[in-house]
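Listed after this line are the structures, all set down as structure tokens.
The same subunit A turns up in both complexes below, where it pairs with subunit B and then with subunit C.
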Partner chain A sequence: MMTVQLMSYGALTDITGANSFELEISGEKISVAELKLMLFSQFPALEGKTFRIAVNQRFVSDESDVKAGVQIALMPPFSGG
Partner chain B sequence: MEMSDKKPKNIFVDGPISPVKIGDDIAHHQKKTQIGAHSIFLGQVRADSVDAKIVSAIEYTAHQEMALSIMHEIREAIFAKYPLTCLHITHSLGMVNVGEICLFVFASAVHRKEAIDACEEVVERIKKELPIWGKEILEDNQYQWKENKG
Partner chain C sequence: MEMEPDFLDRYQRQLSLPEVGLGGQRALRAARVLVIGIGGLGCPVVQYLTAAGVGNLILVDADRVSLGNLQRQILFALKDVGSFKVDAARDFILKQNDKIAVTVYKEMLSAENANALLALADIVVDCTDNFAARYLINDACALANKPWVYASIAKFEGQVAVFNDRMPNLEVRIQERSHPIDSIETSVRSLNYRDVFPNPPGDGEIQNCAEAGVLGALAGIVGSIQAMEVLKWILGLKGLLVNQLLTYNAIHHSMVKFQLDENSDRK
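So, the complex of A and B:
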């Protein structure tokens, strides 16, 4: 088992409730694609939303690995300025 | 020429950007006498209409660390592309009421063209690339998440 920290931003906080939460994951690493499936199962409204994922402040692709202790940010399209 | 710093600068302030700060920042550049042109962009919160409800404020949130590190990369790229004397960026966090200033970009150069072009490019990149989100607060405490157009 491992625990990863997630932060959600913008409109995604309406779906995840808290803007900071944790996920318990079995195994020592999963792919970003697998992480997304877990998120969709926990928060069905996320599926179909446009958002990018950053791991330790770097944008990652679906093939990237997520390991214990990383910080994951779920970020919808930006709207600053 | 002043080179950009190596360490990311903070760009965020709580609440609106005061017109007094904008005036003071202009005054502080009077001693930099090699400057011949300043180009300034001011973003102001607009009273948009959403389903017959009027926006009264925008509440800004950001992934601050990421925003500052991306802004640092943008600064480096802008200084490499344009011969600027200096470049200052301020963006609001938290509540900014309609009519108040939420973004201040201040580019200075020897001549006007590079100041104007750099200022425009920085504004476009801030809107596209910085992880900042605006929540439009409507009358009667409803809200909708802002979307940047083109």
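So, the complex of A and C:
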């Protein structure tokens, strides 16, 4: 098992319910794509939303790794001005 | 462009910064900045660029001031309600400094006028409130090799970045400050909005401020950061938000800078 810290930004916080939360993941390493599937299963309203994932404050691709202790950010585009 | 006769008094507080000085003040005076959207972000941007002595301001907005704008659009007074925003903003600027050249366009940015408007400016400031305008600015600036300073707000949060800047951007501009900024040969550009969000979200997916609500002070804070980046770009200062996305949260007062990579996916 590993624990990752997640931060959600903008309107995604309305879906995740908190701007900071933790996720317990079995195994020692998963891909960002796998993390997304886990998030979609926990928060179905996330699926279909436009957002990028950052690992330790760096935007990454779906193929990147998520390991224990990293900080994940879910970043949507903002519209207002 | 000649300096204002009173510039030593007027700009004493920034002239005394080694990062500004007389050379920097001349660069500010010569700079041409295109501000697209004179709303919650555009008001503080225009206010601080005016105060700092940016010599040429080009303002684009088709809207008129409404009573509901006054809650956050701090250039406007009750007497401006019903007037075009760009006219009210020009009045504000000229009251503070009648030597600033202000050009106003009472139109929306469009595919038809974007190139002509961009050609007027050294740097573009995106103070719009919708994705169509933002992607148009991004793509037009990419084609025209113009840098632009992005900002946007959502409830209590903001994002700011400098996109499509020339890389490397700093030393060259300082050395060539006596030349018009746009005469510098373009080369590699920094990452742009499509490197962060390749495609616009679906219609209605992201709420704007009218739908989600916003406190005016947030627009003031984020617009002020945006103005700071414009001033830093003109002055050739280090630390621009190039290849980065700054986020600000007004509830926690947290700021996080996210790094953008060429190889992060464009899906």
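Operating definition for what follows: the second predicted complex is superposed on the first by the 77 of 81 C-alpha atoms of A that agree within 3 Å, B and C clash if a C-alpha of one lies under 4 Å from a C-alpha of the other, contacts with A are read in each partner's own complex, and residues count from 1 in each chain.
One rule holds in what follows: contacts are C-beta pairs under 8 Å (C-beta built on N, C-alpha and C of every residue); 3 or more make two chains touch, one makes a residue touch a chain.
Keep in mind the model is a prediction, meaning the values are calculated, not measured.
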**Prompt:** Once the shared chain is lined up, is A:Phe78 touching subunit B (first), subunit C (second), both, or neither of them?
**Reply:** both
**Request:** Pick one for A:Ala11: touches subunit B only (first), subunit C only (second), both, or neither.
**Result:** both
**Touching partner for A:Thr50 - first (subunit B), second (subunit C), both, neither** = second
**Prompt:** Counting only touches as set out at the top, which of subunit B and subunit C does A:Leu37 meet: first, second, both, neither?
**Reply:** neither
**Request:** State whether subunit B or subunit C is in contact with more residues of subunit A in the superposed arrangement.
**Result:** C
**Asked** After lining up the shared chain so the two structures overlap, which partner does A:Val60 touch, if you call subunit B first and subunit C second: first, second, both or neither?
**Response** second
**Prompt:** Once the complexes are superposed, what residues of subunit A are shared between the subunit B interface and the subunit C interface?
**Reply:** 9-11, 54, 57, 73, 75-81
**Asked** Across the complex, what residues on subunit B touch subunit A?
**Response** 43, 60-63, 65-67, 69, 91, 102-103, 123, 126-135, 145-148
**Complete:** Per the touch rule, the subunit C residues reaching subunit A in their complex are 37, 39-42, 126-131, 151-155, 157-159, 196-197, 199-202, 205-209, 212, 214, 219, 245, 247, 249, 252, 256-261, 263-265, 267
**Contacting residues of subunit A [partner subunit C, same complex]** = 9-11, 19, 48-50, 52, 54, 57-63, 73, 75-81
**Complete:** Given the complex, residues on subunit A that touch subunit B span 7, 9-11, 14, 54, 57, 73, 75-81
